[in-house]
Structure formats: C-alpha cells, structure tokens
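Labels A, B, C, D, E and F are assigned to the chains in the order they are written; within every chain, residues are numbered from 1.
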Amino acid sequence: MSQNDPPVRGLAALPSVQRLIDLALDEDLGRGDVTTASTVGRDAAPATANMVARAPLTVFGLDVAAAVFAKVDARVILERKAHDGDRVQKGALLLVARGPAGSLLEAERTALNFMQRLSGVATIARRFADAVAGTHAKVVDTRKTTPGFRVLEKAAVLAGGCANHRFDLGSGVLIKDNHVVACGGVRPAIERARARAPHTLRIECEVDSIEQLREAIAAKADVVLLDNMTPAQVGECVKLAHAAGVIVEVSGGINLDTVRAYAEAGADLISAGALTHSAPAVDIALDFVGAS
Amino acid sequence: MSQNDPPVRGLAALPSVQRLIDLALDEDLGRGDVTTASTVGRDAAPATANMVARAPLTVFGLDVAAAVFAKVDARVILERKAHDGDRVQKGALLLVARGPAGSLLEAERTALNFMQRLSGVATIARRFADAVAGTHAKVVDTRKTTPGFRVLEKAAVLAGGCANHRFDLGSGVLIKDNHVVACGGVRPAIERARARAPHTLRIECEVDSIEQLREAIAAKADVVLLDNMTPAQVGECVKLAHAAGVIVEVSGGINLDTVRAYAEAGADLISAGALTHSAPAVDIALDFVGAS
Amino acid sequence: MSQNDPPVRGLAALPSVQRLIDLALDEDLGRGDVTTASTVGRDAAPATANMVARAPLTVFGLDVAAAVFAKVDARVILERKAHDGDRVQKGALLLVARGPAGSLLEAERTALNFMQRLSGVATIARRFADAVAGTHAKVVDTRKTTPGFRVLEKAAVLAGGCANHRFDLGSGVLIKDNHVVACGGVRPAIERARARAPHTLRIECEVDSIEQLREAIAAKADVVLLDNMTPAQVGECVKLAHAAGVIVEVSGGINLDTVRAYAEAGADLISAGALTHSAPAVDIALDFVGAS
Amino acid sequence: MSQNDPPVRGLAALPSVQRLIDLALDEDLGRGDVTTASTVGRDAAPATANMVARAPLTVFGLDVAAAVFAKVDARVILERKAHDGDRVQKGALLLVARGPAGSLLEAERTALNFMQRLSGVATIARRFADAVAGTHAKVVDTRKTTPGFRVLEKAAVLAGGCANHRFDLGSGVLIKDNHVVACGGVRPAIERARARAPHTLRIECEVDSIEQLREAIAAKADVVLLDNMTPAQVGECVKLAHAAGVIVEVSGGINLDTVRAYAEAGADLISAGALTHSAPAVDIALDFVGAS
Amino acid sequence: MSQNDPPVRGLAALPSVQRLIDLALDEDLGRGDVTTASTVGRDAAPATANMVARAPLTVFGLDVAAAVFAKVDARVILERKAHDGDRVQKGALLLVARGPAGSLLEAERTALNFMQRLSGVATIARRFADAVAGTHAKVVDTRKTTPGFRVLEKAAVLAGGCANHRFDLGSGVLIKDNHVVACGGVRPAIERARARAPHTLRIECEVDSIEQLREAIAAKADVVLLDNMTPAQVGECVKLAHAAGVIVEVSGGINLDTVRAYAEAGADLISAGALTHSAPAVDIALDFVGAS
Amino acid sequence: MSQNDPPVRGLAALPSVQRLIDLALDEDLGRGDVTTASTVGRDAAPATANMVARAPLTVFGLDVAAAVFAKVDARVILERKAHDGDRVQKGALLLVARGPAGSLLEAERTALNFMQRLSGVATIARRFADAVAGTHAKVVDTRKTTPGFRVLEKAAVLAGGCANHRFDLGSGVLIKDNHVVACGGVRPAIERARARAPHTLRIECEVDSIEQLREAIAAKADVVLLDNMTPAQVGECVKLAHAAGVIVEVSGGINLDTVRAYAEAGADLISAGALTHSAPAVDIALDFVGAS
C-alpha cells in the first residue's frame, strides 16, 4: 500500500460514516474476540484473506470495508480488486486483505455486514435500472433508508445505475398531502414554498387527482408526484404535465414487475422505497488463503 | 403522559442506541425540514398522528420510535397502543403522537424507518418460529445484523419468538474452520478454548464431517455447529451428539422452506442469517387525524 | 415552566446542535467554576437573572441559550420574553432565568456567547433586508458560516428577514469556475449536472461574461450567478436572463452601501458572505436581580 | 510529505478540536458534494490549489486547515508556506494542497471558513498589540469567544501578539460584582477565594470605585479589574494599586481608538472582548492552478 | 421527586461526565442483561433498593450514581439520604432508588462502581486532612488521577477535606526539572513563564536544592515545590521561602505516616498522588427491600 | 517506526478505548500546556524520553500509552522495549519515545496515568496468580472495574496470569440472590435462564447454603457461586458439586492472605474484586535523556 493509497477514503472518511463504523465495531468487537484470543491468539502469524462474491452482484462498499479493517489493525494491507459499481460474477475477487490472522478474523464479520447490505442495495438498483433501460425514465430512491446509512445507501443506488431523490428534509421541497391540507390547498402550499424555500430547490408537489394536477400546474410547480396511480392514469397526467413543462414522478407500489409499465407511461422519475428498505443482502464471503 | 411513563425507555435509553438515533436524525433533519418550514411552519398548530400497520405484522421498535419523536420535540405526547411482540392485523393502531404538526412531520420518516425495519425482523422471526412450532428446535439469529443495530435486531428476533445466538465476539466461543486450521485440528482448538475462555461460556465448534464430530465430542465440546448438511446428515449427527450430551446447531441454507426439515431432524438450534440480513421492511404509516 | 414548555426545543434539540453546546460547555465549565465555587458556592440560594439587550438588535438564539441553562442545571426555570426575529430596543428583556445562583453564574457566559453571535447575524441580516425593502430582490446567505454553526446561522439569517442559499454541498448545484474549467465549458458542465444531479435541485452556474451568460442560458441553466459585476453590468445581464426565464443571483463585494444598487439593477438574489462571516456580536447581558 | 511532517498536528490534534472539525465537515459535506460529483467527478485528476491571502493579514489556523484537507482525503499532500503568526501581504501564498481535484473542491470551503475566522482574530489582535507598542501594557482576550473555538481563538490571539486572560471558569479566579454582592463585600469575597481556590491561581477582583479598590488592596487581591473607567480614573487607581504591588486590568469600551490611552494610563492589562467576539473574517482564497 | 429535584445535576450534568457515564453503561449493559431478562424480566414489578455503606466512609458520587439510574430508566425515582462529603458509619443509608426491579438490577453495578471509587477517594482524602489537622498545611491532589475522572476525583478530594492543585496543564504553571533544563536554569524558566503565562496564574517552580531555591526566590517565583526532601530539609527551606513571601509545596513519598511531619515542618501545601491514584474502593452495596 | 509497526494497535484501536483516551487528553491537555508553552515552547527541539519502571511490576498498557503519544503528536516515534505481561525489575526500560520535547511533556502525564493504573492491575493479578500456583484453581476478575476501563482492566488481569469472569451483563448468566427471590427459588430461576438465555452461555447460580446447592445441582446449573463461605464449607460443597459435574466458584473476602486456602479447598474459580477495584498504581516514570 503506497502512501497515496490510504485505506480510509471516499465516503468512509466522512465523520458521520466513521461514527457508524465505530458503532459497528463497538457492538461486535468491543469486548474482544474470545474465540480468536483463546485459540489462535490476537497476534497470530500474518495471513491473507480474499473477499469474494458468492453470487452475481453489483459491488458497493469497498471503502467502508477497507476502513473497517484499517480501524481494527493499521497493519492490515488492503488491495482493492474491484470498483464500486462493478457487476461481477460468482467467484469474483473483490478485495485482498493481508495482516495478522487474528485481526482479519476480528474485522471479518463487520466488514462483510457492510458489504453485503450495501452491495445488496447496488444489486437491486442495477435490476431496477435494467428494467427501465431504453426508456426516458430514471428510477430514484426515497428517504426510506436504513437509519444511519443514508449517505452510503444513496451512493449504492447511484453505483447500481439508479438516481437519487432528495437527500434529506433540507435538500428538496416535496409538498405532501399533510402539507396541502395544512395550507388549505395545493396552490397556497406551492406558493408559500416558492416564496420561502431556497432558490436552489425545485418545488415538487404530490397530487392525488387530475384536479390537483391542474392546480399544481397552474401554481407553477416544477415537479409533480403522482402517488398510487395506474400506468394508464400516469400516462394521462404526463401529457398534461409535460405540456406545461412540469416534471412527473410516480410512486407507490413500484416493484420489478411494474416499474417498466410506469416508465413506458412516460414518467420522468419513478421512486421505489424497495431500493433501500427491503434490499436483501447479497452473499459475500472472506476466504482465508494461508500465510501472506 | 405521566411522569412514570417517560418517552425514552428500554433499549432506546442505551447510550449506543441514542447515538444511532442521533445519526439518523442528523442525516434526515440536520438541515431542517425546508418543506414544512416554508409551508406549514415549524410551530404549526398541534396535531395528532396515528402510527398504523398497513399489513399484518409483528411489532418491534416502539421505544425507539417514541424516542425519535421525543428528541425532535419534547412537547410531543406519546401513547403506546401496542407492545413489542404483538402480532397485529392490517389497520392496527400502534402508537398515537400528539404535538406540534411541524414536529410530527419532521420526526415521521425517521421514526417509521426504525419501525419498518425492526418490525420487519420481528415479523420474519415470527414466521420462522411458527415454522418449527411443535418441534424441539429453536431458531436463532447470527451476527449478520445491520451494522449499528445489533442490540435492536437481537431484541426484535426475541420479540418474534426466535432465540438469540451469541451477542458478539466477546459473548460466545464459536470455533470456526479458520480457527481449527490455525490450531492444527478440532481437538487442540477446543482444548485451548476450554483452558482460556471465561468459564461462563460454553465451547461451540464447527464440524464438517462425522470424523470432526467425533473429535469434537471426544474433546468435550459443549455444542457442535453443523454447516451446510442435509437434514438426513443432521439426523445422523444428532444421534451421535445427543448420546454424548452435546448440543447440535445447524446452519447454512436455512430458509422458511427448509427450516422445519432440520427441526424434525432433531437439531437443537437452527441459525438463520436471513432473520436479520434480509428481512424486508414491513409497511407502517403515520396518519394525521387533524388537530389534537 | 409547564410540562408542555420544555427548555430544549427547536434547533437546539438537533443532535448536531447538542454536540456544539456540549463543546461550548466543556470548554468553559468543564473544570468547574473555581470563582463561584470558592465564593458563592455551587448550591447558592436561588436567584433571578434577566437577559437584556444592551443595544437595539434583532433577536435570535433563545432556544440555544435556554438549552445551555437547562444543561447546566435542570432546576433552572426559563421564561422567554421575546421571540426569535423580534426587533427590540436597548433595555428589552429577552429571557428570565430562575434557579440556583451558582448555576446561573456558570451558564451565563456560554449562553451569552451564543446569543450575542446569533443575534449579531440576525441584526445584520435585518439591516440588509431593510436595505432592499421595496425591491424585488432577496438578500441570501452563503456557506461562509462559522464552522459548526451552519444550521443556527442560516436560521438567524431567516429571522433577520433575509433568505437562505443552499444549505451545504449536497443541497444545491452551484457550478463554479473551477467546475467549468474541469468540464471544458459552461455548457458541458450544466448538461452533466442536469443529467446527474437529483431532480429536486435547480442548476445554478457562475458566469463571468455575457458570452458565458448566453451559453448558460442556451444550456438551460435555472439560475446564473454573476460574480463581481457592477450594477450596470448586472442590469444588462438581468434583461437577457429574465427574457429566458433564468433567475439571477449576484455576489462579490456586497455590503450595506452597495446592496440596494444591485437590487435596483434587477437581481433576484444577492448573496453576501458578510451576513455570517463578519457579523459583529451584539451587546446582550445577564443582570442578576436578587433572590427569585 | 515526509513521515515526520504529518498533516494533523498542534492544536488540530486535540480531541475537542477534532470534534469541531467533524461538526464542520458533517454540516457542509455530510451529504456529499452534488455539484462536484455530477460535473467533475469525485475521483477527478490530481490538481494543485494555492491558499492565498487576498488582503494583508496575520496568519492563524494552518494546522486546522491542513487537518480539514487530510480528513476529507488522506491522499492530499500539504505544504505549509507560512507560519501561524506571520504578517503577510496581499497575495501571499499560505499553503499548497495537491490531490484529487474533487477532494480539494470538497474541503475548500470548510478549510477557508476556519482560516478566515482564525486569521481574522490574529489580524485584529495584531492591530491591538501594535496600538499599545512601547507601553508596559498587554492587551488580553476574554471568555467572549465563539462557542467551541476557545482553544483556537486564544491561540490566534497569542499569534497576533496579544496575551491570554484565563482560559475558562476553572483556570482563574475573577470575582465579579455578582460574587461580591453574594458574599457581602469585596473583602469577604477575596478572603473566601484565597482560602479555597487552588494555590496555583491568583485572586483577581473587579472593583467599581476607589473605595472598593482600597478594600481589595487591603484584602490582598493579586489583581484588580477596573471596569468602565476613564483613562484618568485608571491612572489614579494604578498608582494606588502599584504602590501595594497589585496588578491592574482594565476593561469596558476598549477599542482600537481608546486602547492606547488606557495603556498610557499605566494599566498592566487591557482586556477586549472585541478581539474574539467581533473580529471580521479576513479574505483568504483557494486558487486552483491546474494539474499537479 | 419534584420537578425541582432533577436526577441529573451538579458535575454529573457536565457533557464530559455524561460521556464517561455513557462509556460505563455501554460497556456493562450495552448488550442487555441476559440474566435479568431471562429470569426476572426487564419489566419486572417495581422494587426499592437501598444504597448502603458497608464500612465507615466519606461519601462522594451521589450525583453520578443518580445519573446512572436515571439514564437506565427515567422511571426510577431517587431519594438522596446523604450529601457528598458526609462522614458516615457502617450501615448508613445513602440513596434510595425505586423503580422497575429489572432496571435497578441493570444499573446497580455501574452506579456502585462509581460510588465505591469516588467515595474511596473522598475517604482517603478525609484521612489525610485529619492527619494534618491543627497545622497550617493543606494536603492537595495531583494530576495522577484516573484518566477520564479528573473533574470527579478532584471534587471528591475537596469533599474529603483536602484541597486541589491545578486542574490540568492549562490552569497552573508548574515548572519542573525538564523545563528548567530546557531553559538553561531556574531563573530564565521563571522569567519566561512570568512574561508569557496568563496573569491569572501564579508561577510555581520545582527546586532540588537550597541553591535552586535561592535562585527561584530571586526570580520571584510565587510558589516553590520541594520534591523528595526530608521534613528537616523542608523546615530549612520554609524559613527561607516564607521570609521572601514565597509559598512552599512539598511532594514525594507523602503518605499517612509521613504527612504530619511535613505539615509540622511548615509546608503550606503537601501534594499526594496517593489521594487519587491508589485510593482503595470502599464497600458500598445495593440492598433490595422488596416492592416499593 | 516502519509502516507495519503502527503506533495505534490492539485494544487501543477500539473505538470505545479511543473515546476514553480522548476524554483523558481533553481533561489534561484540552486548554494547552501553559508551562511548556511559556518556557520550552510547543515546537521545542526533538528529545528522547524513556518510560521506566521504578519498582518491580508486571507490565500492561503499552498500546494505550503509545496511542496517547501518537494522538498528541503524530511525529513522535515509539519503540516498545517490553511486552504486556512481562514481569520486570525496578529500572526496566518499557518504551522509548522520540519527538518534539514539548509534545513529549504534554503527553507524559496522561500516558503514565494509564500505564500506572493498568500495570497496577496486572501486577496485583500476578500476585494472586502466584498465590494459587500449583493448585487447580484460577483467580478471576469481577465487574467491579473502573467505569470506562472494563476492556482494558480485563486484559490487564489476563496479562497478570489470572482469568476473566463474564465481560458484562450480556456475556454470562449469573443468577444472584435478588434474581432467586424474584423467581421464587433457585430451581425456577435456573430453569428460566436455561430456557431463555443464549445456548452459548453456561448457567451460573449463587447459592447460600447446602440446600440451595443441592437445588442448583438438581436444576442442572453449570456453575455454582459460593459467596462468603469458609474454606472448610467450600471443601464440602466442592465434593457435592464436582460429583455432579458442576463447576464451583467462590467469592467474598478473597485477598492475598486467604486465596490459597480457597484454592486448596478445591474451588475451580476464585473471584476477587480487589484485582480491579483497589489495585494500587505502580510507579512508572518518564525520564528525559536529552536530544534524540
């Protein structure tokens, strides 16, 4: 590892991500590794471990995994064999870690837990992106992310070929039904947001009906969100909206079976909570290959 | 809310869980809620919001959700309508939150993200527990948990009727293949662990074959872990192990379709990473019902 | 203080603001207050202290000041006598704190340091807002805030009647000269941003000349930033931009003497780092008025 | 960068300063840099950026700025071109940073925000120190510092040629009017402090009148603080105090116009909150000079 | 517990002490209490527990112990039955805690660990204070405290009747042999410190011999530290020092057998690391007395 | 120091230990070192300092001490001259630190405070281990550790030749009298624990009498804890327990005078709180040996 190839980089260097890694190491390793200590010994001979895909998947999380090893033992040398966003086959080598065997064993589970979850998000994002390939639509994520993982899961979504919706409550205006009710209608809600929100943000408003859609267009919304409509209904709304230069997002009940129909209906954006809230972990393992 | 019914209690009061909640609030609300601020206003009139199950599920996470609301605004009054571990039907009311409308809107997504994930774990645990009902076997979790969520997900597993494996690397001796190799065999590995690990811990050893099983029994392992065996193989091993008073855990490829066969094969414990690493989020929503 | 009037609320409840308050208390009070301890005693008789404006000012920071007192001693009772955003005269009463005299003395300086700085920002923002009154322009802040104070200073700017620019690097697209150079021109930079940035964000691009302005308009920038132009140059650019529906922000050398000329030149937004990076503290004091 | 020239050093290595830098990076970069990511790319080609003074100033904060770059990306190589305390002219080169262009862009604002504020303090301190040059007096700071910045701003004051008053409530005894009232007089207050405060601390007492000054001298105060007196009054008090071997500090209404008169009146120490609470930011910029 | 009697108060409210308590709870309770959970249940019936002295001791730490219970479960009601600094007999009741039995069991050990250690410091301080009773000398602590416990152990020393030396490296000037060597002598070291250290601090200098003592007096040290001298040597030095108005501290080999001889030799201050670095824990227990 | 010999390693790399070290540095050095700064200067010439045992002792804590120096100044080069667990004589060299003299002075006390306390634990553990040498018994620690130091003190106990009891409330089942009372007897308590606790944990139960011992054996406890019995009573109980294959731990009043009698009475484990709660600090010093 040369001095210009530091183990901690990218998002893994963010203080908030460092805090998440610390939580993870404290909870798994904070009382030591009693098995390794009592059998192998903490200062065991150097070993080499290969992080390997056990199934086809899209990679994300190498920087975080590397940071986990580096935190457990700064003597561990890491060699990245893949890049975030790579689609790899079963058996692909992702990362090689060389260092004291005890340290590799101690870091193994935490590093893999991050990799399996984040690559799981990238992998399902890849499937969604493929499902709309050739259409105009982008599949975007939501704020339904694992608490504490927002910045990582959003990056995994990008690595998988989908796009990001707003990062958080402060980086996008999305007027929902409760805001509309509290403001007494779509128009006053949009007008208030236009007047008071930072000029760097577009104004997006959820609409439930053609009437609300017309009201949103009249109030000069930049984006409308159509929730729980059929592709046919979406198609109708898209015509109205696009004629007025308004961007259309759809949400509600989006899955791999339905997403293409919405894309073909003309939606610009299709948001799917399933990208992050229910992405199954993908199988990634650490194989020890003996002394380094 | 009486003084003896504080919003922050149970696991949600643990410092490490407080840190996780802080990470989650910082990432979603740390720049404010620009939509609510520009439309409804942060100091909006009081409102009432009902947290409701949108599907049948097993509940877990109410203390964490309550803590999220309480952190956002100490004026929010919470009334728990269900208990962790309850199996509820679609439409069931779980929690009522009353307070400034702006604060409820700001806390909504973070509270729901915790509830959906943790109840997702409890719900799948409930299905696994039901799948082995009537047998002697317990389904147990693994260390394949969401980083930072170990203590919460383990409690969700219990709430769903399954049992816990070791909490972390410090609270259980589990000798795996890499330890066996490093020690030169099953017997020396078990003997070293027996000699050096705290007396409060049983010694569990992974075995790959009948030969290793016999060696583990001879070395007086307390528990053996059979990885990736068929139910028939497990049945054979169970006879040998039980005859020697050794507990049997099986792992590898356990899912809702296969788990009962392993239970009926006589395994004492069946561990399934899927309890935590791939539990899909369950649908829970916050419905605003107007002024409180 | 009723149970529904908790001392910690609003932005002061955010975990990141709590961490800043902790830093401040640790640095001033972390070794105790040797003067108070050796003379008055930590458990001195209750006292009342009035927080008072010593000069005309616009108030901001009461929630933070209240949180400081509450952290030092939960027995301190607080009564807010003003609201964030109030313009008050010299002598105005802002907050009354009642509690152990020792605790009030210990919290005094930290609470005042927050109030003086944040009200200083609100006060200068008020002056900028007044300077452009009657024009179409809004004065907006920048990212030149005190490190750690972003969310507080942005709120103080709002309280003073100005508006917010993007919160951070993640909540707005602002293509600057370095990005333009790296992308090989205004057009490719804008097109890349349009293609890849979240749809919730407008695309703003800095332009140095009429040529770049035309290029930005052609590339369909939502907003252009004119840096270091004269009001006359701005007026010319505004005509071009507005004709194309493009919003115009100006920056560079904005102060209370020059801001109105830019507003009258037709700029939509005028950004001024001075709102936050050089706002002088305003004079606020804590007067002890004897036993409570 | 040789191994003996680490990027993080000096005060920037203190845990509390690391926490402040983390707050600053989280608030600006915690959601990523959407502009850089969507245009230049996070892993852009290496670039070189020069940190340059845009006005005459006294430098402070290089260690903190360097730590910011190092935290964002450990691959950034830093070369210090000036030292804390240097008086530099407009155009002076302060620091050269070489590394991935994206990383330099991401760290830029946070690093500059620290530099501009801290060098602002050093610069105004330099002006105060110059204003009393040739007299016996030292200009000292107060506890009116930016919350969270105490240790940094105190060091900036030193770098500018002024001196430090007590660091915090635990490192100096300063009996103020409220303490005097609570103790029933100057004498009992001083005597209690003498009896109970650590022997490592001098006893300083604020006095409002000649009578209180005489009482403080009689009670063997080590230092007296004269608040809001005219230079003439100070001159009179100094004679009395010095005759008794008592050090004299003055405060209240000290600015660059008045400070010399107090110095010439014989004050030993002149404290000015303006050193820290209202120091305007100085203009420092980061100029990109192309590939490294 | 009335609203004016909050469970968290005093030093226990300091952010740094909160962090220490968090570390302690995380390490003991962070994985839950498997015994209580599996037998009694976390939500067991309310119980009452009495914290009782099992030996004669001087009390310190009640605020910290109370904060531990309050953090584990806000429903626990606390009643203080003693005050910090009280000398109590075996069997004395110190604190009553009422709340869910499970919560009391979970908090018990952490609360007691703080109480036993801190009361241990207060108890040994009480013995040192008694040992010099009637003399002019004060026994003072050192910086040889338990890492993380400085502010608590210093307060325990005061509660036991001894006094505090400087809090930390920033709140006192103590020139030691290494500083003297680096400066080229006692005189230049004292003169530099006098010129540069804050005026709020006295200048103390370690001296090894009569010659160095004379040099320190000539350089106008405020305090001299005599290390490892006999009481007779101290007596001789005291005469010289006191004649010049210089305070005398002695250190080195101070224990309960030798301290009085040094006090009678005329030392003003006698510092003993043993007050904090080797204070044995005192026996304090928590007795459960059944349902509350 | 080669790249494979990093200063931070082992337990010192754990996030929770890093937090403890941060607390310690903040409390001692957080306001700077006013003596060193005003005399030697922070950037003094390089120096070499030897950490030396001033008494015979067993070493523990070198990784923590090294981490302290590395945190204060990354330029300090460390050379370990001893290993944790080494028994060394008075005068033994433990660690050599080379770096800026000011940095060595600043880190000295914090590094020594850790070393003296942790080596104190290892040293007393060594004495206990020696006291039972040749018997079958192991001396084990308890949860009566210094708050925040659990993982370090447990490792020091091992380094001294004793063994560890459960790490925390989550890594061992120890049914105490209060649990027995709440469950209505020894048998139901053991049965509940057996049914619900993780299978990785043995079930240990405290017994007060022969009757309870028989009940515990009948309920198939894995371990019994005999509290406050005489060696003779222990001998009797051991016979009963061992006949049933039950392990015996004794506790209560264990000290260096009594421990061997219990060991010879046949106890398998003897737990002693004194290993950690009252271990006196051992004398370790840092000697400066001039320029490096």
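Going forward, a contact is a pair of C-beta atoms (placed from the backbone, for glycine too) under 8 Å apart; a residue touches a chain by one contact, two chains touch by 3 or more.
Keep in mind it's a predicted model, so treat the numbers as computed, not measured.
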Chains touching both chain C and chain E, listed by label: A, B, D, F
Chain copies touching (chain D, chain F) - same or different residues, decided at half shared: different
Pair sharing more residue contacts (C-beta pairs) when A-F is set against C-F: A-F
Superposition rotation for chain A onto chain E, Cα-based, multiple of 5°: 180
Geometric centre distance via CA averages, chain B-chain A, whole Å: 22
Cα-centroid distance, chain B relative to chain C, in whole angstrom: 42
Multi-chain contact sites of chain A, meaning residues that touch two or more partners: 16, 21, 23, 26-27, 29-32, 150-151, 167-168, 170-174, 196, 198, 201
In the complex with chain B, residue positions of chain F that touch it: 138, 140, 163-167, 170-174, 196, 198-202, 204, 223, 247, 249, 268-269
Chain F residues touching chain C - in the complex, by the definition given at the top: 26-27, 30-31
Chain A contact footprint on chain B (complex, rising order): 16, 19-21, 23-24, 26-40, 44, 101, 105-106, 109-110, 112-114, 116-117, 120, 143-151, 168-176, 178-179, 181-183, 189, 192-193, 195-198, 201, 273, 277-278, 280-281, 288
Chain C-facing residues of chain B, complex: 1, 21-23, 25-26, 29-32, 42, 71-75
Of chain C, residues touching chain B in the complex: 3-6, 8-11, 13-16, 150-151, 154-155, 167-168, 171
